Amino acid sequence: MATRITPERIVELEAGGAAAHVADLASLGEQLDRRGIDVEAVIAEVAAFSVAAPSWAVGTGGTRFGRFPGGGEPRSTEEKLDDVAALNAVTGANRTISLHVPWDDPADPAALRIHAEELGLAFDAMNSNTFQDHPSTTGGDVSFKHGSFAHADPRVRERALEHNRYVVDLGVALGSTAITVWLADGTNHPGQADFRRQFERVAEGLAELHGHLPDGWTLLTEHKPFEPASYSTVNADWGTSLLLARAAGPNARCLVDLGHHLPGTNIEQVVSRLAMVGRLGGFHFNDSKYGDDDLTVGSVNPYQLFLILLELVAHGGGALPPLRYMIDESHNVKDPLEDLAQATDQLQVALAQALLVDRAALAAAQDGNDAAGAAEILQAAYRTDVRPIVAEARSRNGAARDPLGVLRRSGYRAATAAERGSGLAATGL
Amino acid sequence: MATRITPERIVELEAGGAAAHVADLASLGEQLDRRGIDVEAVIAEVAAFSVAAPSWAVGTGGTRFGRFPGGGEPRSTEEKLDDVAALNAVTGANRTISLHVPWDDPADPAALRIHAEELGLAFDAMNSNTFQDHPSTTGGDVSFKHGSFAHADPRVRERALEHNRYVVDLGVALGSTAITVWLADGTNHPGQADFRRQFERVAEGLAELHGHLPDGWTLLTEHKPFEPASYSTVNADWGTSLLLARAAGPNARCLVDLGHHLPGTNIEQVVSRLAMVGRLGGFHFNDSKYGDDDLTVGSVNPYQLFLILLELVAHGGGALPPLRYMIDESHNVKDPLEDLAQATDQLQVALAQALLVDRAALAAAQDGNDAAGAAEILQAAYRTDVRPIVAEARSRNGAARDPLGVLRRSGYRAATAAERGSGLAATGL
Amino acid sequence: MATRITPERIVELEAGGAAAHVADLASLGEQLDRRGIDVEAVIAEVAAFSVAAPSWAVGTGGTRFGRFPGGGEPRSTEEKLDDVAALNAVTGANRTISLHVPWDDPADPAALRIHAEELGLAFDAMNSNTFQDHPSTTGGDVSFKHGSFAHADPRVRERALEHNRYVVDLGVALGSTAITVWLADGTNHPGQADFRRQFERVAEGLAELHGHLPDGWTLLTEHKPFEPASYSTVNADWGTSLLLARAAGPNARCLVDLGHHLPGTNIEQVVSRLAMVGRLGGFHFNDSKYGDDDLTVGSVNPYQLFLILLELVAHGGGALPPLRYMIDESHNVKDPLEDLAQATDQLQVALAQALLVDRAALAAAQDGNDAAGAAEILQAAYRTDVRPIVAEARSRNGAARDPLGVLRRSGYRAATAAERGSGLAATGL
Amino acid sequence: MATRITPERIVELEAGGAAAHVADLASLGEQLDRRGIDVEAVIAEVAAFSVAAPSWAVGTGGTRFGRFPGGGEPRSTEEKLDDVAALNAVTGANRTISLHVPWDDPADPAALRIHAEELGLAFDAMNSNTFQDHPSTTGGDVSFKHGSFAHADPRVRERALEHNRYVVDLGVALGSTAITVWLADGTNHPGQADFRRQFERVAEGLAELHGHLPDGWTLLTEHKPFEPASYSTVNADWGTSLLLARAAGPNARCLVDLGHHLPGTNIEQVVSRLAMVGRLGGFHFNDSKYGDDDLTVGSVNPYQLFLILLELVAHGGGALPPLRYMIDESHNVKDPLEDLAQATDQLQVALAQALLVDRAALAAAQDGNDAAGAAEILQAAYRTDVRPIVAEARSRNGAARDPLGVLRRSGYRAATAAERGSGLAATGL
């Protein structure tokens, strides 16, 4: 197993900057105090935040044009957990991992769970895969080429359902309490399928899956307008996702992936709508410039991320509501762990900024039709340099003030490359 | 009053091409007969079709950058009806007009109704206007600058409701049975308003308006992602429109304007979704290349129009279902009547094409995962030159085989220009 | 004339926050010092920055759906200058004004110039208007309805040229040294015009206009993909703008309006391309979520603004290159002066952030294929709270640390409303 | 080798519909004669048309999410040629094949050329691949992960150049006369690379490659806004492509892929621009609804395809100009040969429609600002059912009136599946 990055090692690696951090935090505290904000409360809320790392994203990602794996790719689900543990060591905010079956299909779930516990990790929402053929799902006699839950052939739909039930059962064994169902089902050509019949089949399948959920479990429906389907996708937008969640049952919720929207979509308003009707269930965080780019969280439009988190903080009455928070990125040119560390850092920054918003003043500006005043209130929070808060929150969690720097200086990647070798591609996209 | 275009005059103007039409229709009939299609049934269905002309579109349209009215713009609602009568004379398929209040606010509704009846016209859905201030709506003491139904101030919301009630009452006097509510309410700046409170206010207002509906009336909610609001719009998408219609009441339906979608939206799937849940109520037909361009129906992507009509024909079990069909274009550089004639013609063409689709064979191809076969079936219908069918349908309605040609040769525009003068801009956009 | 906002009055109005500012600037200085950055150099560069205010944007803007003027709209070009002087008083960074003819068409240019000088203002690029008919341009006998420079009729093209020459001559009288030519020329319908002939006519017209430029003058070509033209625009993209500038002559440059791009355009790369070929001439700053929204600079994606300014700082070798910088917004729901103050503030913030980027380290990361490292370098600059720098730069220019706050407390708007009245709409959009 | 589909076999398979075809063609001929169009000239022009089939598209395509190969995938470049020969047998319009190296890297080019000649095929533009690592290109010691021609490391750039030279040399051996260079070079993250240095390196590389071109050869630069690069692409738009082609040398031209444009791009205007400056070199035909979807030509917006071909016919003075025409699709759910047959058919249909446009009347309408008249002229051509023309053109080439039907009835796919087996995926995407 690769070397663990301990809190002690982190303190050692970051000894140099400690004094500067104390000074920066103190002056920020004074500034916030002037604005009537208790910096300690913000630090506590940031420290409490955790976002799941996806098991498929600790390996190098790719596109249909190619994939360039780096050294030290994880060769197994166990090693994916090791990598997430290393990530969590530096961020303190990735305490769970989200598995993807059959990319992850542990022969001994109990052993994997013990391994996770030893690493201080738990299992977040499970993910099922019905967009590829695999011996453990389609088994060679059927195919998901023309759909899974939406397929015209009931045998294929049954196979999709079986796989999803299997994933739930596996999740139970691992201690997970949710399953995210993202379906590639759709069409590439006008006329290829009937929109309504496709929807009805998917709704029926999700309702059956919902019937299989243990107590306390949540079924998350995830929409996406295109890719891999190029002309239509069954669960294409939040409106459809909501109809499907309602058709599935009371424990179904909608998951919002930040990259799964048509150009120009006001995502923060979509979040508000789903929260309003009580069906907002979780997030896949990433960023996007064109299509579903799966880029580093907040790397293209960090202000949009801030606005989304502000919507969530409002929904949670001043704190993040207890939803499922996951990162979903594709790390094609950055080291996956470095990219995940930057993503987590960006989320912590945006959360801290959102917590700084004077929501009472904002509501007053809104009621007074003072758009300029409202903008000032948002900017007052967004422009604040919250890095000392975030660094302090991480420190209190035993993690690094500077996650990327510590990750690099820790030698973790060199160690895994030595141990695991190079040129192998981890399972995933 | 401008010269009427009579069926006799049309026959006279088109005498030259009659023989060719007969020949073309005969050979098309033979071709369709080979494909097992009864051309007479298609002609009858096309002849039965009618689409409302919008009163605001018989004048030259414009943009925020300017407006260039042509000669003969209608100076009153009566003259707008005269223009629609001229349009209907050549198309035979614009038997109703859709008014917009207060751009149209007849002092004597009974007299206007009699004028319409004399012209062979009826009144389609009424449209209310709460996106501009006007003495008859905001009255000078309140303003819709910061919203109408979504406004923070209850007095403004009440004024919006009053205006809408007034429009319903006016519609009753005119024999209309529907009101379309398109709201500009939204924001231009992040933070300007609270998404949820805006939604709740609009939902409440629509529910109150729904309570005012007479028996047999329909309330249509119309969504649009942006313009005039530039950061968020309350009724931005079909998902919101559906939530609003359901909140309003059982007689509320969703209206789909073809130009009111984000880039890449699969509009035909949106149509299917709303039809599926029983809330599809009507259409504003136009086309768009970028934003809400209000261009001639089918002028940018006629195949998409065909696919939408095919969805409707499927929804109607082989014929167009009895929804509210309206044109909504902005005629900036074409003569408005010519543009409306082209729009109506395009709708008739697309309808005929959709009726030619072998839907049983299509369903079989879909169930057999035969995407190439399905594409052939659609192309077999779409590529058919249906102009003889459309021309025949119009002839049977006493209208013109070639609406644009007859309109030009009739001298209608020159007559209105002489009578009404030039340089005036009709009310509307 | 409305009350002037003097430096003394500003100091008085902001006396309360002086101590906090000193403290914040000191701790920021220490932090930057640790990073090897001289805060004084950044303050000086920010203080040197100025961006032109557009004369058409000191009145309330609108859309084709309506316009809701506020109180105190300027009634004349002189009053527009008064408003810009008030703006410049609080920002210290709007030392020029950009006129738009014939919305601004001073009877006595010399007097206007003296008025400007008394206000401490100069005249930035002139703007010509050939997208509307006006007695002083089309004169009633021709029309720009079907185009200006691209019109099929040479008489219309000549009229467009005459107007542009007139604008240059007026600019000479006012001390301006540039003309920005934004053309609405395009089409709404496929086939309406021939793309190539349209281009050739525009190129010829611009070349003739270039021949009329006095020494030291610059001709700026401004592209825009759509609006008001809805199917095609002659100068639709940077590629066309470059071809047109080259066809016009050596003193022609391309102007980039941040809102004039198709969804997803990488504007910072467009900036790089035009800079690379030596034809980058200037900017119209604003922001956009959908189409050309003309929203407050940086209000939708401030990070993109930062990246654009970083590109410019690199182009200028560490400082902003001497291009034409203008704001171009439409102020529909905010007070225009408040919106312009926020826009200017945002530009100063983004400039300060861009100046903080360690460009040598960035180049090293780029050469080392270290994408994660490059991202850290950008974030280190972007996340810095540069408000103390910007506030200090403004103070040194005799302006306000908090422009919006001072503007509100100064009573300027109330004074203009009292003097100028309400309900009038200033010329412009 | 799979069974060849001979002209005799085609006649036999289509014997049933011959009489109907004769009748349909005759009545179309009469109709066109009335409009003053010589149907024979149109048939001849359509019969002369040929479009290259891409070697990578005769296998089943996929996305990053998966790939579902069908039976009978070609196992070698020879078998890809066999498939294109079968395609050409039914369409008569795919007389060339476009290879992609190293997916195609024949050990014996002379033998492959003989094989092609026996099949009646020639080699169209060659395609190089520097977006994947491969022993024959990067060789294990360098990688294209961070770029090829744009890479910071000169050794990688040199390797990219070497590979391209190799492709040219291979093309010479095969009788090709062009190379298409599509580069994936770009970035996924702001700051990852310097836009200008990337451009300059690519320009330099292309100039060196241009120096290696034999007489009569053309170098085609192909732009694409995104994918696989997700934040910026070096050759992102036609403006950059033009700058690169000019930098490369006099025999460089720009290639337009219909799917490589931002949402809303007016592609027909882009075509006009490149034609105008003498640098339009070729096409990759496909269609797209969202991103670069690589869908069947004309399957999403056939009217746009018609407008593009009309632009080309105008550029060619009434006939298609002698450019490089290729199909570039990804066949994920349709049988690849069926999809290619539909694509070719659609191109023939659109060409026939474009040839029917009365261009003199169109020019007159344009000069007369008659947008409605221009629209009528386009519709008169587009709505014509040109299938008899296209069928006749194919017949005269010894091919099938109904390519898809004949392909299915020929048993070709069953024969290849039997011969080649199932479950293998051809090289390509």
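Order of writing sets the labels: A, B, C and D. Residues in every chain begin at 1.
The working rule: contacts are C-beta pairs under 8 Å (C-beta built on N, C-alpha and C of every residue); 3 or more make two chains touch, one makes a residue touch a chain.
What you are looking at is a predicted structure, and each value in this text was computed from that prediction instead of being measured.
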Looking at A-D, C-D or B-D, which pair matches A-B on over half of its contact pairs by residue number? C-D
Where are there more C-beta contacts: A-C or B-C? B-C
Chain of greatest Cα-centre distance to chain A: B
Centroid distance [mean C-alpha coordinates] between chain D and chain C, Å: 43
Between chain B and chain C, what's the gap in Å when you average each chain's C-alpha atoms? 39
Multi-chain contacts only, two chains or more: what residues does chain B have there? 145-146, 187-190, 192, 225-226, 231, 263-264, 266, 289-290, 296, 299-300, 303, 333-334, 369, 371, 375
Interface with chain A, chain C side, in the complex: residues 20, 23-24, 27, 30-31, 34, 263-264, 266, 289-290, 296, 299-304, 333-335, 338-339, 342, 349, 369, 371-372, 375-376, 382-387, 404
Contact set on chain C toward chain B in their complex: 62-66, 68, 131-133, 143-146, 184, 187-190, 192, 225-228, 230-231, 263, 288-291, 293-296, 299-300, 332-334, 429
Which stretch or stretches of chain B touch chain A in the complex? 145-146, 152, 187-197, 199, 225-226, 231-232, 236-240, 242-243, 262-266, 268-269, 272-273, 275-277, 303, 307, 311, 314, 362-363, 365-369, 371, 374-375, 377-378
